[in-house]
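Presented sequentially are two complexes of chain A, the first with chain B as partner and the second with chain C.
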Partner chain A sequence: MSMLCRFMSVVLGLGVAVGAAHAQAPKAGGTLNFSVVAEPPNYDCHASTTFALVHPVAPHYSTLLKFDTAQYPKVIGDLAKSWDVSADGLTYTFRLHEGVKFHDGSALTSADVKASYDRIINPPAGVVSARQAYYADVAAVETPDPTTVRFKLKAAVAGMFESLASPYNCIYSAAKLKENPRFPEANIMGSGAFRFVEHVKGSTWEGKKFDGYFRKGLPYLDGFKAFFVKSNGVVPGMLGGQFETEFRGRNPAELAQLKQGMADRLVVNEGPWVGSLIVIFNTKRKPFDDVRVRQALSLAIDRWGGSPALSKISILRHVGGIMRPGFEMALPPAELEKLPGYGRDIEASRAQARKLLAEAGVTNLSFKLLNRNVAEPYTPAGIYSIDQWKRVGVTATHEQLETKLYVDNVTSGNFDVAIEFVNDYVDDPTAQFAKFLTKAASPVGYSGHEDKSLDKMYEAQRRLVDPVKRKAFVQDMERYAITQAYNVPLLWFHRIIASNAKVKGWNFTPSHYVGQDLVEVWLDQK
Partner chain B sequence: MILFLVRRILLLIPTLIGVAVVTFFLIRVIPGDPVVVKLRADGAAVTEETIQAERKRLGLDKPLYAQFGDFVVGLAHGDLGNSLWTGQPVLKEIAIRFPVSLQVAIMATIIAILISVPLGILSAVYRDTWIDYVVRIIAVSGLAIPSFWLGMLMILALLSWKNWLPPIGYVSIFQDPVANLQATIMPAISVGYRYAAIATRMMRSALLEVLREDYIRTAKAKGLFQKLVVRRHALRNALLPVVTVIGLEFAFLIGGLVVTEQVFNLNGIGKLFVDATTRGDFNLIQGLVLMIAVIFILVNLVVDLLYGLLDPRIRVS
Partner chain C sequence: MANISITPGSIARPADAIPKRPNPVWLFIRTQPLGFAGLIVILAYLAAAVGAQWIAPYDPEAIDFTAMLTPPNSEHLLGTDQFGRDVFSRIVYGARTALAVGILSSLFGCTLGAIIGAASGYWGGRIDTMIQRVVDVMLSFPIIVLAMVVVAVLGKRPLLGVDMNLVAAIALPFIPKMTRIARSSTLSIAQMPYIDAARAAGYGDGRIIMRHILPNIVAPYLIMTTAFIAQAILLEASLSFLGLGVTEPTPAWGLMLSGASADFYKSAPWMILFPGLAITLAVFAFNMFGDSLRDWLDPKMRS
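This part shows the complex of A and B:
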C-alpha cells in the first residue's frame, strides 16, 4: 500500500497515523519487547475475554480467518487459503493451506479446525467457551478431506466471516484435545509464527520464531517478549527503553510524556476505538421506567461540547451512537443529531429535558451513579455526567466501587444508573448491540427493560446477509435504541498507540484485539 | 530452650487454624462473584449457563460448610487448593513471588540496620548537638516521605539523568547477581530508608533511656570511657526494642510492599495480594493470609530468641 493510500485510509476511517512506516524492505531479526497492562488467568483462547490473553498468546496460534489490519474490517484467510459460500448462505467451505505444522512438528489438518470449533460450539464438561452463543447457528463442522473444512449452518447469518476471524478462535491440536480437553488452559502448542518459550508469572512472556511456520519467509522477528506491567509502568518503561510499545492504548497525558521524552524516536498511531462508555438506566426502578426521564437525562449531556474537554484528559473523545463513528454502518452525524441527546444546541436540549422531567412529574430527582473506581476513563466520565445532570436540576451521587463489587451490583440489578463500557473485537452490530437488549436475549442486558421489539430487530439484522439492507436496518435499530434510551452512549474511546520508531509492519486498527499475531512486524535496527 | 522452641512451634497450629477459619468466612462475606468477575468484567456477553458451569467446576456451587470442609481437609494435607483465577496451585503462585519479596525485605532490613544503629547511637550520645539535629532531620524525613513516592523520584531521576531504568523481571541472585541487584536495590533503598528512620528513632530513644540508668552512671563513675560504656553496658539493653521493631517491620515488608512493588514493577507478594483481592480469588487470599501469619509468628519467635541472646536475664527466665 502506498503512502498516499495508507494516509487516506487512516484519515477516512482509522484516524491519523503520524510517522507512518516508509515503504522499506523488512529486515529480519531482533526481539520485539512490548508491555501488556494485565495478565491472562490462563492460556485458553476459547475461554478468554481479555486482550491480556490476545497480546501475548496470539503470536503462537493460527486462526481460520483473520482481519486484514491494513484494510480493517476486511477479513482474509489465515489457515484458510480460499473459501466459498453456498447460494443459500447455509454452507461455508474453506480450503486450508497445505503443509501447516504445529510447533511439535505434527501436521495441522481440517480435523484440528473441526476439533477446535467443536470445542467452542459444544464445550465438553469443565471447558469454558466464552463465545459459544456466537456460533449458535452452526449445525455442524465437517471435514470432507484433510484440507477442507465445511461449516453447515441452521440458518443464514450475517457477520459469519467476522465471527470466524475472531482472534480468540485459536486452532488447537485435535490429538491434544482428545487427550485432555483442558490442555490449552496450561499449555501453548499452536501453529503460529512464534513458538512458546516461557511465561514467568506476573512478569514476562517469551516467544521465539517458529522455523516451520507455513508462510515462507515469515515472521521477520527472531522473537518477542511481553512484559506484564501496571498501566503506570508503560511510559517509564518505554522512556527507559525496556520495551518498544504497548498495544492496547495510552491516554493523552501519557502521550505527551512520551513525545517529550522520545521526540523523533516515537511513532504515534491514533484513531477511534471500538470501545465506548454507555449510561445504563435501571428500568426496574422508578423513575427510570419512564422513557421521558431517560431521554431527559440523555438530553442533558452535552456530548459535542464535552468531547473536546474530556479528550484532553482521557481516552473519551468521539461522539457517536451505538455503532462506532466512522464505521460504515454507523449513523452519519447529520442523522445522529436528530436523536435525543445528540443535538448541537445544548440549551435547547436541556430545555427539552426539563420539559420532559416536568411532564413525567419528576422534580428534584436524585440518584446514585454507579461507576468503577478506575481513574481512566470512568472517573472523568462520571464526574462529567453528574455535572451535566446538575444543569437540569438533577442530583447524582458518584458511587465508585472496585471492579468486583461494581460487577456484582450491575449484574444483580442493584443500581439506579451505571456507567458501563462496550468493547468487543469487532464493529459488527451483533457484538455492539449485546448490552442494549433485554436480559432474556442477552446475558449482559443490564438495564432490565422488557422491550422485545429491540430483541426482534437484533435477531432480524443477524439474518440480513445483504450488507446494504442490513446497514439500513441497523441504522433504524440504532435510532430506536437511542430514542428508547434504556442505555445511552456517552462518548467513544480514542485509541493511541505510541511505539518506538524502529517498530515496523504493525498496522493500526480500531480494535486492540486484532492484528496481534506479529507475523509481519519487524524491527528497523541499525 | 528446646522446650521453649517446641512450645512456640506448637502454638503455631491453633493460631493458624484460627486465622484460617476467620479468613475463610470473612472473605466470603464480602459481595462479588469471582467467576462473574473473571468472565464478564471485560464486557463479554458470557451466558449464565457458562457462568454456572464454571462455578460448578471450581466448587463454588457447593454450600459454604462443604467448601469449608474441603478447605480444612486440604489444609490438613498441606494443600491450599488452586487459584480460582489461574487454576494453578496456590502454593505455586506464592512460591513464584516469595523470593522477590523476601529478598527486598532482607535487603531493606540490612540497609535499615546499617543506617539506624550507628545513627541512633550518635544521636543519643551527642544529644542536642548538631549531630543529633542532623540525624533527627534524616529520620523525620524518612518517616514523612512515603516509600513509593521516594521510589518514583528515584525512577524519574534515573530516567532524566541516565535514561536508564532497572530491568523488569526478577532473576535469581544465583543466576545473574548483577541483574538481580539492578532490579532489587532501588526498591530496597526506597523501603529501607523509611524502615531505617523508624529504627533510628527507636534506637535513639531506647539508648537515651538506658543512658539514664543507675548502672550506666556507676560505670561512668568508675572512670570507663564513653565508648566502652555505650558499647558494653548500654547498647545491648537499648537494642531490645529496636530488635522488636526491626522484626515486625521485616514481617510486614514480606506482604506489605504493595505500592512499591507496583512502582518498580516487582512481581512480589504485595502485588499478588492486591490482584487476588481485586479478583475475589478466595483460595489465593486464604493462602497469602496464612503465609503472612506464619511469617509473623516465626519472626516473633526469632525476636524472642534474640532477646535471650542480648539479655541473659531473659534467657534464664
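This part shows the complex of A and C:
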C-alpha cells in the first residue's frame, strides 16, 4: 500500500471517528480555549492572508458560502440558503436566510453582501483587497431584493463557488462601510455565531455566544478564548490544560510529546495539507536561465526517498506535483514519476542531472539558497535540498533571513534559488498555480521567467467549466510547468491537529483556513 | 677627599650567588596548574579546528536517514542527529566556527578598544568625556541585545567561511569594556617621566601612544583578549541558538542546541548534551587560562 493510501486510510478512519463523535448529542455550554501562534496585524478579513486572522476572527462573521468541513471541498451555504446558476454560467443568484442580524442588532440584507463584495472586487482608496484578482470576471453584484444577491460575470469561470466560499470574505455592514470603508480594520462587527468581547494584544482574544445568531440552537459554546503564544508554547500549554487545541498544525515531535503527556485525553487528526514548499529559480540569473540546469537541480532531489524520513522530523511529507497529492485534479503518481525529479530511481536521476549540467557547460556550480529563518518546515527543507545538490557536485550556501528580509529579496529578484511556500484555502488550480506564472500575470511569479505559454494555459483553465476537460487541461499544464522547472515542487505538508478529547464537532480538513467559524463545535464536559 | 675607585670586579658577586631565572613555561605550569589545564584544552580545540577533516570520521553536513537519531555507539561516538548527521563530526567542525569567530571578534574588539581607550586617556579633556559617554551608552546595553541588533541590521558577509558581520557584532560589545581598561592603564602611564621625556624630545602624540603607551598596556590587553574569547564563544553560540548566527547546515555548537534539537531532548538527549559540553568546556578552558594569565603577568600576584 502506498504511503499516500495509508495516510488517506488514516484520514478516513479518523473521519469515521469524527462521525461517531457527531453521533453523540452535542452539549451546550463551556468556553473553548485554543492557541494561535501568530497575531493578526489588523482585523480586516478582506486584506488578510493569514490564519492568524482567520482563527480568532472567523467566529465573529458569516460568509455567503462556506466549505462543508465534513465533505471538503464541497461548498455549502452560510448566509445563502439556496442558489442557481444560469445556463451560460454568467449569472449566479443567491437567496439569503431571512432574519439574519448583525451583532449590533441591525438586519443583514443583500445590500450588506453587495457592499462587502464591492469592497473586495473594487476596493476604495486605502483599502487592501488581497484576493481581488479572484473576482476579476465579476462584472457586477446586484441586489434585486433584500434577500437576493446576483453576481453577473463577464465570462464563465471555473471555481466560482470556491472563490465565494473563501473564509476571508467576511460580510460587513454596508452602513458601517459607508461611514468608513476602513471600519473593519480596527473593529469587529459581524453576524457570526460569536460576538466580540476583547482583544488583549500579545495575549488573548475573546468571543461570547451571540444570542441573535440566525441558525437556531447554535452555537453550542458559550464562548471562546484564543491565546496568542509562540509555537513552542503550544505543547506545554496543552499539557498544562491552558488550552484545548491549536488549529494550524503541529509537527511529529510535538505530537509525540502530546501523546506521551495526554494519552487517551488526546484526539489526533492528520492528513495531507493544502500547502507545500517549492524551489524557485531566478531565471534572470545565469545559469538558472538554462532549463537543463533547473531540471538537473530538480533531478538531484530524492523526493520519494527523503519523504519518509523527513516526515518523522517535520511537517514535510507528501510527494506531489503542483496540485495536492490525492486531489482529484492532481497527476497520479505513475504520471508524476515520468517527470524530471520524480523518478523512483534516484541514482539514474542524479546521473541524468550530472549529464545535463555537463551539457549546459556548468561545472562546480555554487549558489546561495535563500530561505526563511523559520524552523518548521523551512530549515529542514533547506538542509535537505543542500545535501541533495551536494550529491551531484553542486554547492549551495544556506542563507536564512527574517521573513520580511526574505520577502524583500525574493520580490525584488535578489536571489539565486529560494525556498517558497504555496498555501491557500482551496485546491483549485487558479490558486495553486499563481506562483508558477510570469510576473506580468501574477505578482507572486518570483522566478522572473517570461514564458507566456504558461500564463495562457492558466487563463484557459479558468474558462473551462467542464470538470473533466479542466482536469485533463490542468494535468497537461502541470506537466509543462514541472518540465520547464521555473519553480519545482519540493514536498507537500502533512497537517497534524492534536486536540483535547473533549473538543467535539470540529472537522479536520486539508486547509487550516477553513472550518474555523466554531458554529458546531462543542465541549464534551460534565 | 678620598678617592673611591669602583671597578666592575669590585661589585661583582660570585656566579653561584645569582638566582637562576626559572623557565617561564615551567613556572606557569607549576604556579598555574588550572590555567595550564585550560591551555591544554584550548590547544586540543585548536587542533580539532585545524585538523577537522582528518579527525572527523564523517562529513558533518551529510544526511544519512538510515542512521537518524542513533544513540552513541562505536560507529557514531556521540550519536547522530535527526538528519542522521554524526554529532562528533559536527562538534569537531563546530570548533572551527567557535574558535574563528571567538578569536577574531575578541582580537578585533580588544584591539580597537585598546586604541580608543589609550587615545581617550592620553588626550583627556573633551575627547575623553565624549568617548566615555559613548562608552557609557554602549555599556548600558546588554551584550546579547547589542549583538542581536548588529546582526539583524548588517545581515551576513562571509569571508573565507567566517561571517565577518557576526564577528563585528560580537566584537562590538567588547570595545567599550576594553576602552575602559585601556583608559585607566593609560591614565597612570601618562604620568610617567618617560612620557614627559618623550614629549620634551618633541615626539608627536601618535608616536607616544603607539610606541610608549600601547606597549605598556599589553598585559591587560592579553588578559582581556583571552577572557573575551570565552565570552565570544558563548555569544556566538547564543546568537546561533537564536537563529541569528551561523546558518544550517554549517556545524556550530549553538546551532546544534537550537531549533528542532529541543524537540528531541527526551528521545535523543545526546543531540544537546555533547554540544552543550563542548561549549562549557571551551568557555571553562578560556576562562581558566585567562585568569591564570592575569595572575601570572601581575608581578604583585606572582610575588
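Here is the rule we go by: the second predicted complex is superposed on the first by the 505 of 526 C-alpha atoms of A that agree within 3 Å, B and C clash if a C-alpha of one lies under 4 Å from a C-alpha of the other, contacts with A are read in each partner's own complex, and residues count from 1 in each chain.
Just so it is clear, a residue touches a chain if its C-beta (ideal position, glycine included) is under 8 Å from a C-beta of that chain, and two chains touch if they have at least 3 such contacts.
These numbers were taken from a predicted model, which means no experiment stands behind them.
After superposition onto chain A, the partners chain B and chain C occupy separate space and fit alongside each other.
When both complexes are overlaid on chain A, the residue A:E347 reaches neither chain B nor chain C.
When both complexes are overlaid on chain A, the residue A:I383 reaches chain C alone and has no touch with chain B.
By the document's definition of touching, neither partner reaches A:E459: not chain B, not chain C.
With both complexes superposed, B is the one of chain B and chain C in contact with more chain A residues. With both structures placed on the common chain, the touch criterion links A:N232 to chain B and to chain C.
In the superposition on chain A, no contact is made by A:D104 with either chain B or chain C.
Shared-chain residue A:I313: touches chain C; no touch with chain B.
Applying the stated contact rule after C-alpha superposition, one finds that A:P443 touches chain B and leaves chain C untouched. In the superposed model, A:A375 makes contact with chain C only, not with chain B.
Using the contact criterion defined above for the overlaid structures, shared-chain residue A:E402 touches chain B and also reaches chain C. Shortest separation of chain B and chain C in the overlay equals 6 Å (C-alpha atoms, whole Å). Note: residues 232, 402, 405 of chain A belong to the chain B contact set and to the chain C contact set alike, using the contact criterion stated above.
Within the complex formed with chain A, the chain C residues making contact are 61-63, 65, 68, 82-84, 152, 155-156, 158, 243, 247-250, 259-260, 262-264, 266-267.
Taken together, the chain A residues at the contact with chain C in this complex read 232, 251, 253-254, 256-257, 305-306, 308-309, 312-314, 373, 375-376, 379-380, 382-384, 386-387, 390, 397-402, 405. Residues 41-42, 49-51, 125-126, 128-133, 185-186, 200-204, 227-230, 232-233, 236-237, 239-242, 261, 402-405, 407-409, 411, 420-424, 434-435, 442-444 of chain A are the ones touching chain B in the complex. Those residues of chain B whose C-beta lies close enough to touch chain A in the complex are 31-34, 36-48, 50-51, 53-54, 57, 85-88, 93, 96-97, 155, 158-159, 163-165, 167-170, 262, 265, 267, 271-272, 278-280.
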